[in-house]
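Labels for the chains are A, B, C and D, by order of writing; each one numbers its residues from 1.
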Amino acid sequence: MARYLLRRAAYFLFILVGVSIVIFTTMRLVPGDPIVYLAGPFATAKQRAAIRESYGLDKPVVVQYGRWLAKAAQGDLGRSMQLHVPVTELLFGKLRNTLLLVAGSMFIAILVGWSLGILSGFRPNGLIDRIGLVVALAGISLPAFWFGMLLIIAFAINLPWFPANGIVSERGDGGVFDVLWHLFLPAVATAALPCGVMLRMTRTAVLEIRRMTFVRALAAKGLPGRALAVHVIWNALPNILNVTGMQAGFLLTAAIFSEVVFSWPGLGLQIYAAVTSQDYTVAQGAVLFICILFLLFNVVVDVLRPIFDPRIRMA
Amino acid sequence: MPIILRDGRIIFGGCVVAVIGLLTLAAPLVSPYDPLQVFSGLRNAPLGTAGHLLGTDQAGRDILSRVLWGGRVSLVIGTVPVAVSLAIGTCLGLIAAYYGRWVEFLILRLMEILFAFPLILLAILAAAVLGKGMLNAMTAMTIVVIPYVIRAVHAAAKSTMGMTYVEAAIIRGAGPWRIMLSEILPNIVSSLVVFATSVMPIFIIFSAGLSYLGLAIEPPTPDWGIMIAEGQQVIQTAPHVPTVPGIVLLLVAISMNLIGDGVQDALNPSSRRRPVGADPQLSRPI
Amino acid sequence: MTNEIIYSIENLRVEVGVGGGTIPIVDGVSLYIRQSEALGLVGESGAGKSILAMAMIGMPPQPNGRIAGGRVSFHGLDMLNRREARAVVGKRIGFIFEDPAASLDPCYTIGAQIIETIVAHEDIHKAAARERALELLSLVGIADPPSAYTAYPHQFSGGMQQRAMFAIALSCRPEFLIGDNPTSALDVTIQAQILRLINDLRKRLGLTVFWITNNFGVVAKLCDRVAVMYAGTILEIGKVRDVLRNPVHPYTRRLLASSGIPSARSGPSLAARAGAVSANGEVGCRFATQCPTVMTTCSAAPIAMSDLGAGHLTRCLLVSKAS
Amino acid sequence: MANHHWNSVNRRALMAGAAASGSLLALSGIDNIARAQTATPKSGGTIVYAMEAEPDILDPHACGGWHTSRLVLQMYDQLVEHDLTASWQQGAPPKLVGSLAERWEISPDGLEYKFFLRKGVKFHDGTAFDADAVKYNFDRIFNEDAPQFYARAKAYRAADVYFLKSVEVVDPSMVKIILKEPFNSFLLRLANLGPGMVSMISPTALKKYGNEGIALHPTGTGPFRFVERVPGDRVVLEKNPDYWGGNPKMGPFLDRIVVKPVSDAAARVAGLRAGAFDMIIVPVPDSKQQLISEGFVWDQGTVHHNWYWAFNMRDPIFKDKRVRQAFNYAVDRQALCHDLLHDTAFPMEHGIVPPGMLSYDPDFKAYSYDPAKARRLLAEAGHPNGLSTTFVTSTDGSGQLIPVPIAERVQANLRTVGIDMKLQSSEWVSYFTKWISGGFKDVGAAQMSFGAPDPFWLEQTIGCTFFVGEVGGLNTGYYCNPAIDEVMKAARQAQPPKNGDPYAAWGLSKEAVALWAKANRMATEDAPLLLVLSDLNPFVYNKKVHGKVQTALEWFTFRTIWLG
């Protein structure tokens, strides 16, 4: 395990450095000059130069990168050029909201995806399976941003049951229920894709396991159906977890569409804004954030799977 | 492949896609109006308005015409990148698999870095750098897809490399390209087709998403994504404006997914109904 | 040997759906097994032996197979009745599969897999169950039971895995053991050990055995009686001695001639048989098409079993003529 | 304008609206003021105000964008201000009134401004406001040698640098500001609460938090105090109990102001209807009838705002005056404002100077819709078969209204007179960046939407001295007409007003205003811009909201607002 972690860590470092180089350079390739922007409409060339210098952007990119990396290594991602807020402070706030959204939608996706997937895996071509197939197809075919809009039309406008945007109501207590109430529609919109994907994956996994000889062997041991199901699900879990983990990681940024539709102040939105408004420090920091999270999601999956599959554990 | 034509899903999906595709292709002929023509005083006209079957949008333009013309853009920026990246990715994947050693190492490590970028993030970056316009949008999409193709091809090719007939060819002294193209490629082509058909719907939606975010194409050119985004302004008063283009988009996506499923089952029955949208590749960071 | 018949199959028919229609994989098989005897079943792969074996514990073939007719009873229990079958399967009837590697749940320890069987059938404490599991492991000749108990299947060799399977099959002290070609996957020495083990168990526990194999050697070493199966039907059955000394049915002769069993390829494929079936409308001798001594009458009408005495029966016109 | 519209993802999110001049009075603005005056204000309560974009830094000296200054000015005061309690109907722009300066004197040569400061004013951090504080702030903006100098702040006041000589502390309650040359718009510019205002920040706070940090801890003397900012979600202000100007009739009344950046106009409207917001800015024009019928107050009025295209004078096509005029005749502004914007915008048919800017002249009928004339002019200019060119516009940006749909409308108009106008649009940031660095050399015209109460804006936009990138110029078309320049120079250098001068309340003499009007007519005739429309800066709020004054300015105060 220790060697595994060590290898993993080294690998992460490699990826992170690579990623940071890519983002650092691409950000500077985005057309437009943040300094001109920060300097406002009346600035003269000379004044812009002064401002550029004050941000250290007059130095060659390599130098800038070096400085940034040195700081980042100490956990200091600098201040937002646009807002002057410390980047980490800014991003943690957004991250919290996005994780909330991801958690909410994953909860729905798992609830529906797993249950339908497992049930239809046990009763292929049964009623539930047919329902499941439709749900899955819809899930992977619905454009999140459009689906979200439909939900708003249906459940925020025509039937004013849920709020159309925001994360807490302005006057509400901002308590848990208030947040959940705001979370529902965005979560549903975001859940569609992962739900469809996981439903199909789970179904496939269960089907594949059920075809295996050992399941018949278990039946030949005279085990009751419930016990059999446990065996099957347990064996299918590694794959199910795998796709679940991936989907969760995927949502970190895929959530952006719901974040736009429901003006949910999340990380995806933040990144988009930072990139288009060329807030270098924020964009760089955010991308670093996301990638680290992604790698972590992988680790979680890599750590979880062996728990269920001794073959991996002991390999 | 006759078996493919026996699959109901493929027939249905194929027909829908074909019809929509042809209609958009024939937009200049079948479209009732110029998609940019503004009908003063006739904004947000509801469905079935005389002369405007699908009504008009927030700027007073005929929605049907815009859906038709917009389809050209949406379909193209959704599909062409997949095709192009398939070509490029296949070459690189084969090269990596065939030459191995540092070439492989280089290409794969590079891909891994790109994989560390979430799909959408990568697309946003690429789009931001390249700026708007159909060509740029497609380039951005292509860049995004290539890594997945490379990985898929590389994996498939690697497994083929060991096969005796490849070794035989090597012994026969066939040149690298000959081996890659006439020995390896034919054996991975089916998995490539499966890959292509399964990611196609994803990227149709995804490209629409990009233009929804305003990253893809230049207004006033219509495009389903943009139409939805613009229509969002009037969901309170005229919900049909964003709904109509969305339905068409959904229809295409569903059909393409059905095709994908069908092709998958037809080409590798081993993995019956492997989740299409799922192609774990697409959600896998590294 | 006049022990009572504990297990009987009457005119069993198992069908599998292929394409549009269905074809019988097991077609009108009738067998009986007496207390603590060992009945061997030989035949080429694809003859339907495994299907028969599964049907004997009430499990239709997967996918889309079904038990279409006949009666299977064990101590008067209807084995084709799910509930009655479950009561005895795994408890009084042990079943061993052909491929041990594939027949063990890779995610559970050997111990767990033995225990769950015991617990499923007996009201017993985990500790006690564990005790028995360890006994069983040593009984089937596994060197270090405690470590084997906590081991996972993939850590075992093929032989060890099959022994584990035996341990599971025997975990509830069954009186009847069905082995579906359990030794085919193993090399000769292991095979010998296993057979010794079975014989030993038979002596000690008076175990009744139904042993599928495609190796007459095994039959000779283990069984009292042997049945020869071809294309879903029993063509000949009798005491091992009789059948091996003077095989009557041309097919049995061929099997013995090609000491050991022809490989699966020579056996008619399902599709081929589907064709054959439609050809002769499922009447007459299945072997007719390949029979060296075939007669026009062979495919004319269904052929009954004719008794050669001493429980030696065969399904061939040559014989029925002679007598 | 210069709006760091940086959190707007939905580019079509920013729809501004306003009623065409005709229907203005019909709207509820009036009766609302009536309500404000009749009913007796109640103190307390929290108002939730949804604005059009994520605010820029909360640093008055360096905040870009009206949408930000609308927020920042609630916490700060200037030496002199426009009277924010005067509605747009009571003459535009509002008179100048003393704020932190009780009164001021202008030397006859117009070079020396004496400000007599209000005594006993305290910053939110409890420190006293005095002449030194004034100097400290001016130094932060203008004095490159001062330790607190902030380059970004100076950049926003580039134009003033051109005129400002020195700031002297005479005594704790008097500062003297000396100019290099007469510049009679100086007062108006000090009162301008657009991008980069000359507000008074607590020197103590500045020293404590530094030039960047102060944006996170705004510390002024204004009627409201900073509570918290959650980027992308909210900014919260609270009542400043010891506001120097506080009084039971004029406020401040509100306990709390919650400002929500919601870039999607539809979402703002939805929130308003759902009761999540009390007041929103730039609603979706299409929602106007519905909202009014649902009993919401739709409040709008003319402002100093100009949505135009600046022709690129370096493009040979536009060197010809007749072509520029042809474009101006080809646009059907009435239809545009009526159909597309539901009478929530004001057609710019009275010259370059928009309503709400001094020297606006309503009697001047400049360009009405006349395609025939447009065609004729094109033909005379040697384009009988029309011409083709490329215009650029941003896709968003506050105060830009809905650039793309408007541009598409104009595009359609131009097509009818044989002009094939291709449209290029880009993200606000990259657009603005290119615009401000004179980057659009290869296009026919660049769109912008801007304005100020003081007529000097005209020279900034078309003056030869004020090419973009030079001394705070906005002249992106590189238009230069010496004759007009003469007049404008004379206008800005004209003598300060005598007592009883009708424009004394704006620090301008009758003569100056007349000169500006003249310049406006000359310039309009020479058509350096394609005039389109003027924002009417609409707000919508529910019946609970009282005392909101719709000024003729792009900004307003929360001080007078109270909840019933």
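Details
Going forward, contacts are C-beta pairs under 8 Å (C-beta built on N, C-alpha and C of every residue); 3 or more make two chains touch, one makes a residue touch a chain.
Fair warning: this is a prediction, and the values are worked out from it, not measured in the lab.
The fewest steps needed to get from chain B to chain C, moving only between touching chains, is 2.
Of all chains shown, A has the CA centroid lying nearest to the centroid of every protein CA atom.
The interface with the greater count of contacting C-beta pairs, when A-B is set against A-C, is A-B.
Taking each chain's centre as the mean of its CA atoms, C is the chain most distant from chain A.
Distance between chain A and chain B, defined via averaged C-alpha coordinates, is recorded as 22 Å. Computed centre separation for the pair chain A/chain C is 53 angstrom, with centres defined by C-alpha atoms. Averaging Cα coordinates per chain places chain C and chain D 93 Å apart. Once the centre of each chain is set as its mean CA position, chain B and chain D turn out to be 45 Å apart.
Multi-chain contact residues of chain A (touching two or more other chains): 30-31, 152, 157, 260, 272, 276.
Listed for chain D are residues 9-10, 264, 270, 427, 430, each touching two or more other chains. Residue positions of chain C in touch with at least two other chains are not found. Listed by chain label, the pairs that touch are A-B, A-C, A-D, B-D.
Those residues of chain D that touch chain B in the complex are listed here as 9-13, 15, 264-266, 269-270, 273, 284, 286-287, 290, 335, 339-340, 395, 404-405, 408-409, 411-412, 423-427, 430.
The touching residues of chain A, when paired with chain C in their complex, are 211-214, 216-224, 227, 231, 234-235, 308-311, 314. Contacts from chain D toward chain A in the complex involve residues 1-2, 4-10, 46, 48, 54, 56-57, 59, 62, 64, 151-152, 154-159, 195-196, 212-213, 215-216, 229-233, 258, 260, 262-264, 267, 270-271, 274, 276-277, 427, 429-430, 432-434, 436-437, 450, 469-474. Those residues of chain B lying in contact with chain A across their complex are 109, 112-114, 116-121, 124-126, 128-129, 131, 201-202, 205, 208-209, 212-213, 228-229, 232, 235-236, 239, 242-243, 246, 249-250, 253-254, 257-258, 271-278, 280, 282-286. The residues of chain C lying in touch with chain A in their complex are 54, 57, 59, 62-63, 86-91, 95, 97, 99, 102-108, 116-117, 120-121, 152, 154-155, 165, 168.
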